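Shown next, in structure tokens, is the structure this report addresses.
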């Protein structure tokens, strides 16, 4: 089809730009997911014995997700300016809930008789956490990380509106130049590459899952 | 920009968690609301407005924009409910298991769609106008409601349905008296999520001429007026929090007793 | 008769230090007025199986879990091997005891071998010693190491899982095993086999075992001594199964034993414990009218028909003697012949199977020794016990 060919032309004449933008988005996704994982898993682990703290942290994290993306991206601008920082902060806050919720659910899901027998064998509480609870909760936690990463890919397009770069740039530029030539191709680039990136991220995380999920626990 | 069901695989979803509405939600949300409202008032009162800012932040304009945003969001939510719930019911009837599983996985990936991109594509396809905005919003908000309808119906205790069958209830009766009521908490959760998505995405509606408070934010960005940006952002956040709170109340009080 | 629940039965040598002692142990949960366990004093001898049994909520599981401090006592001391462990490192204490629970609690993400190896590994045993121990324990609990070593818990049946649970508890050769309703979640047939195997294992290993159950039959079967517990783990009676069954200390114990208690004592006695009675014996060749007279004069409704090798064949009554049919052709054939080693319970069930209400006892060659009647059983059950703690 004509449309597809013109899209490929568009891409091939701008490979540098495409790659650079792709990498920008990838940087966001990786850094946000790693940061959010560290924070969320830590909070989930630290609050595991305290129901109130658990619920409180979940409520707070879910409030962040309630706030509309454009608002969250822009609300910190008066303090931190434009560009990478407000984008990172917004995406980070969004990414917290899925991982936190799954960490809590995962830790809760470990059979109490397994915990009881672990304690009864003289494993210290730390040993129980690291050798029994976390490994068994890991598949659920990883599922949360996966959801979070996908979410981040989707949101990252908004970064363009605050001069944060990323694949959203293509969409913005395309929209601005409609109906001039190459405007449509620009928009499609933004959308399709986002989807492609999402699939890639999903695949990578599922593969990590296959290798890191403990055997003997659900296939 | 969505609040997805975080556990991708319905099997691993701890059923109780999805149904239980944290009491704390109904406290934390108002607390954030008040904090932001106070912050907004402080900023409003103590900032110096220059000419441009004053005109951007004229209360009437803000009010109109807010109305536009809320209207579009509600229309989309209604549309989504009308489409997604029947579809979810259909897909969970006996005889379509693989279709359903694939659908649920696809819906999971759909979270990664860039809302921004989708909005623009709808604009390209359908032109400017409220309808375009509503359709774009609905396309995005469909995912959580459809998914929660499916998961909500699936997690109903099979033995209760079986008992209903044994009492001579027809398929439709079982749906109406057993499956749907017991799935309400989960489905409500999806509707609540969808509403928030809609309010949020409606902020972006300005990009395709759909009005809304995004105009204020964008104006502030364009001419570098941080106060406008902030006011616009906070107002949008307040509206979203209000809707979330209402949704939380609905989820709590529409749940069948005894669950 | 020993009615004091706190004194140990007289067979026990008072010079041996108990393996585990609970002294004035109390456990009160915050927010609850009545303690779950109150002023409990209990000594557990080395090498014995002590069963804690009682109604739901009496505190037996709590008591068990106080021993390895899964629950910390509110007051009192726990003495293990002569050492006060009430305030020592609980994790270290638990590594010295095996702990088996009803739902087993195997780590699903570890192989069976890895599960069994957990405590030895914590104690830093060398790898080959661990490997050898795992195989040894699997064999000991009746599972082929080559088949089960690398399997995962989800592949096991309930009975197999609990065998691994026991193997795991024995991992680092603890002297003590604490078992909380270990066979409760298993079907009756498998449970029966597991109980027997466990008793066999114990006869080899001679561990000190504290065993909790709500099932009085299991308690009687497994226990060297039984502690019947009331609310707040108050000991209603602590003694051997025979002593408790024949002399319940009070109404609570009687009620707990249930109407079947008397019948349960039948499992503990054998035919060679009782006097057999001698019904008149006849053969095909005996003169019928003489036999009839003999039978009339005796107290018995039936005579025993013997064959030429003195093996009992059938029960014969007056009507049979009066008729002209061959004696062996009547319907009261003796189907099962008991031997002196058989328990009284088996005797009773045989007696109930024939309309004669009697059973024939034979020696190892099958020759008639005597008869056991329901009457003689009933007399036995109302006699005082013959062993040590009477009068």
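So that you can tell them apart, the chains are marked A, B and C in the order they are listed, and the count of residues begins at 1 in each.
As a convention for this text, a residue touches a chain if its C-beta (ideal position, glycine included) is under 8 Å from a C-beta of that chain, and two chains touch if they have at least 3 such contacts.
Model, not experiment: these values are computed from the prediction.
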Between the chains shown, work out who touches whom and classify the graph as line, ring, star, complete or other. line
Which two chains are joined by the greatest number of C-beta pairs in contact? A-B
Can you check how far apart subunit A and subunit B are, centre to centre, with Cα atoms defining each centre and the answer in Å? 19
Measure off the straight-line distance from the CA centroid of subunit B to the CA centroid of subunit C, and report it in whole Å. 63
Hey, how far is the Cα centre of subunit A from the one of subunit C, in Å? 59
Residues of subunit B that touch at least two other chains are none
Residues of subunit B that touch subunit A when the two form their complex: 1-4, 6-9, 11-12, 14, 17, 22-25, 27-29, 32, 108-109, 111-118, 120-121, 123-124, 196, 199-204, 207-208, 214, 217-218, 220-221, 226-227, 229-230, 232-234, 236-237, 240-241, 244
What residues on subunit A touch subunit B, complex-wise? 52, 55-56, 58-60, 62-63, 65-72, 74-75, 77-78, 94, 97-98, 101-102, 105, 108-109, 139-140, 143-144, 146-147, 150-151, 153-158, 160-162, 167-168, 171, 174-175, 178, 184, 187, 190-191, 194-195, 198-199, 201-202, 218
Going by the contact rule at the top, pick out the subunit A residues touching subunit C in the complex. 111, 113-124, 127, 132, 135-136, 214-217
Under the stated contact criterion, what part of subunit C meets subunit A in this complex? 68, 70, 90-96, 99, 101-111, 118-119, 122, 152-154, 165, 168, 178
